[in-house]
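Presented sequentially are two complexes of chain A, the first with chain B as partner and the second with chain C.
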Partner chain A sequence: MKTIFIRMLARLTRAQGLHVQALLFFALAITAVVFAVGSEPVLLASLMPGIAWAVLLLSALLGLGDVLEPDWADGTLDDMLLSARPLPALMAAKMLAHWLATGLPASIAATLCVGIMVPNTASTLPALFAGYALGSLCFSAIGIMAAALVLGSRRAATLLAVIVMPLCVPPLIFGAGQAASTQMGASPEAALFLLAAFSCASVTLAPFAAAAITRMKVTTP
Partner chain B sequence: MKLNLSYFANPAHFEKLAKFLMPVLVVASTLLLAYGLCDALLLSPPDYQQGEAVRIMYLHVPSAWLSMAIYMACGIAAITLIVWKHTLAELFLRAALPAGAAATALCLLTGMLWGKPMWGTWWVWDARLTSMLILMFIYIGTIALTDAFDRPEQGGTAAAWLTIIGLINLPVIKYSVTWWSTLHQPSSFGSNNGMMKPAISGDMLRPLLVMGLGLTCYAAIIIITRLRAEIIARRLAVSGAK
Partner chain C sequence: MGFLLCPAMHTLYKAPMLTTKALTIARGTAILTQDLGCHIDAGDTLLLTGPNGTGKTTFLRTIAGLLTPTSGHIDKTAPSHWIAAQALPPSLETVHDYLAFHAALMNVPYTQPRDVFGIDTVMDTPLYRLSTGWRQRVKLTRLLLCERALWLLDEPSDGLDSSGIAALQNLITAHTLSGGAVVIATHQPHLWPTAKTMAFGGQP
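== the complex of A and B ==
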């Protein structure tokens, strides 16, 4: 199990540089948005936490194609199905590896971004980071189910986006709500708890769903 | 009472049922829609606030009902497919999902047409509109998934899984969107909506229900016709492969 997790993480980071890719994508997307809406500091300060959420969701799509598809293509997945380890645990390992490779770096980048561009936010940054981290964990959980669904399909990248985006609406809303209430000076707890509840549910259920879907994919004649 | 539903999972038995149901549904939907349209467009009173524009409701609300009812039906078919592996359930998904997407699109379009004269804008990020838009995205994603595989059975099963995931998620999405839109904007728009009034007048409820029933029959006709076509197409594909 540990091996799978480490192997997965190594493949996503060392071989493919996904963490660098995620950070780079994050920086580029934020810069593009700033160019598009203008560099007005007051406007940016009010928009930035929300923009960071949207970009976080987009950066979660990065690398989802590499989580299961290579294992499916070279037959490793068949081995995993036959192994004594429970498949949901393997899926959970892959989900965590994906989160560590994309979600976590992007969350750190998002927090830094808000910290730099929005004045007087230092005290709210820990709660903000918790929100970004929990949210990106949800995105990875939903992502692993979507990655299992599109295994062996044509147009996998487009399909991933279309499947992941609507399912990610609740964490996005809770997260943006948390960011908004922090900005208004209200307590971020309510939104943060909802976000935590959603991530608990998705992180525990998604590996089972992904495992069932993968098993169906491999065994369907 | 023992109703053996798996009896109808046999395409031949379904064909018999369809042959019996189709004329009934055609007559019922023609009559209901003919009466419903007359009642909705001519007989029912204009709204005291919205005037004649309220008549869009008689198409808008039934299509909203249908979009959700068809998703429910797809959810049941998806569970049937995963648990009992009835091929007919997969074909039903293929037949019904585009019909549901069409109903959702109709609901969104009529909603926009209604919104322009009433709210002065085509689109508002109101909770209902937004969750309908998300439902549309889910429909599109599921339909895209059914056709994305070389082997159609795989697409059908994948779509069934996504439908089930969507079924679990839709209440959460609906709730979160409601929470979001009340957070961002007070409900200054929703209260104009005809359906939001505590009691809808009986003269308006009657055509609404008739239209709802008529459109349901119409949707059933579409789905059964598509399902028969899917059965034939699958038979052809299987016999061609042999």
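== the complex of A and C ==
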């Protein structure tokens, strides 16, 4: 399983440079927002945790087109279906590889952004990072299901966004709630626990859903 | 059961490997292939021939278990290797990594396979540096990663030069002599002159 996971991760990072794409996209999107709303420090400090959440969601969309589609095109997905390994386990590996390649770097970047732009936040950063990481894990889990759904369709990128965005609203709301309560000096625990619960559910269920969808997509003539 | 006790008869008995009966595969209302029946015993080579788009690959994928037939049934007694026609993409991964990945998918420990196709010298070369024919050799080497009785090959001779084709022919002969069976979809049936043939395509 280790060989399989490393190959999936290498295909996303070394071959497609997804981690660099995610970081670059994050930096550019945040910069664009700063130029658009102006560099008023007080305003930025209050907006930044929420903006980082929105950009995190957008950056999770980045690699989704590359997670299953190349395997579908070159026949690797066939081999995965016929594999001696359970397909949900292979999908879980795909999901984790996508999160490690996009979600984790973007979460780190988001935490750094907030740390730099919002004064006196050092103590809340660990909780904030946990929130970003859990949230992006949800995005990857929902994303792998959506990637399976759009396999083989033209305009996959647009479809992906349309499918993923609504499903990602709950973790986005929990995450934004956590960020807001942190800013008001309240305890972020409640929102963080809701986020953790949502990511537990999506991470365990999504691989099975993605496997079922993929199997249906491939075996239907 | 008397023949099992008689040694002479026993050597003549060939184990059935694959039987399909009245296999029909349809996409919506369009029938892709209809009423296909075939029977393969150990030691057989079956060629699927016919013009483009007549359902050879569809039939092979169905036997492999990748497509659900609309009606009819498949009786497969042995595990199979499926080698699709798609060429390997010229990716960054090395030949060794590619083969190790497929061994891991088959859940067998990876040991360097027998060097039937002469790829030992390129084991550490990334796939994008190899030509089409060499990538085809690498793809076919997957057959040697673990023993499986039934081989399902879609256009295996694509891109191979004469020495590659000779290696493929020898490999297939050795496999059938040792009790395996091979089904090949091909446009070059002359490469396997002694094989059984199943012709596709009454109408396109």
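As a working rule, the second predicted complex is superposed on the first by the 221 of 221 C-alpha atoms of A that agree within 3 Å, B and C clash if a C-alpha of one lies under 4 Å from a C-alpha of the other, contacts with A are read in each partner's own complex, and residues count from 1 in each chain.
Keep in mind that, in the parts below, contacts are C-beta pairs under 8 Å (C-beta built on N, C-alpha and C of every residue); 3 or more make two chains touch, one makes a residue touch a chain.
Since this is a predicted model, take the numbers as computed values, not measurements.
Trainee: In the superposed arrangement, does A:220 touch chain B (first), chain C (second), both or neither?
Mentor: A:220 sits against chain B and chain C alike.
Trainee: Tell me which touches more residues of chain A here: chain C or chain B.
Mentor: B
Trainee: Please work out whether A:79 is in contact with chain B alone, chain C alone, both, or neither, and reply first, second, both or neither.
Mentor: second
Trainee: So, A:41: does it touch chain B (first), chain C (second), both, or neither?
Mentor: neither
Trainee: Touching A:70, do we find chain B (first), chain C (second), both, or neither?
Mentor: second
Trainee: Quick check on the superposed pair: does A:153 touch chain B, chain C, both, or neither? Answer first, second, both or neither.
Mentor: Touch status of A:153: first partner only.
Trainee: Considering only the touch criterion stated at the top, classify A:14 as touching first (chain B), second (chain C), both, or neither.
Mentor: The answer is second: A:14 touches chain C but not chain B.
Trainee: Quick check for you: in the superposed arrangement, does A:126 touch first (chain B), second (chain C), both or neither?
Mentor: neither
Trainee: Return the residues of chain A at which the contacts from chain B and from chain C coincide.
Mentor: Dual-contact residues (chain A): 220.
Trainee: Give the list of chain A residues in touch with chain C in this complex.
Mentor: 1, 3-4, 7, 10-11, 14-15, 70, 73-75, 78-85, 218-221
Trainee: Once bound in the complex, which stretches of chain A touch chain B?
Mentor: 145, 149-150, 152-156, 158-159, 162-163, 165-167, 169-170, 173-174, 176-177, 180, 194, 198, 209, 212-213, 216-217, 220
Trainee: Where on chain C does chain A make contact in their complex?
Mentor: Spelled out, the residues of chain C in touch with chain A are 25-27, 32, 58, 61, 64-68, 70, 82, 84, 86-89, 91-93, 97, 100-108, 110.
Trainee: Going by the contact rule set out above, which residues of chain B touch chain A in the complex?
Mentor: 82, 134, 137-138, 140-141, 144-145, 148-151, 153-155, 157-158, 161-162, 165-166, 169, 172-173, 175-177, 179-180, 183-184
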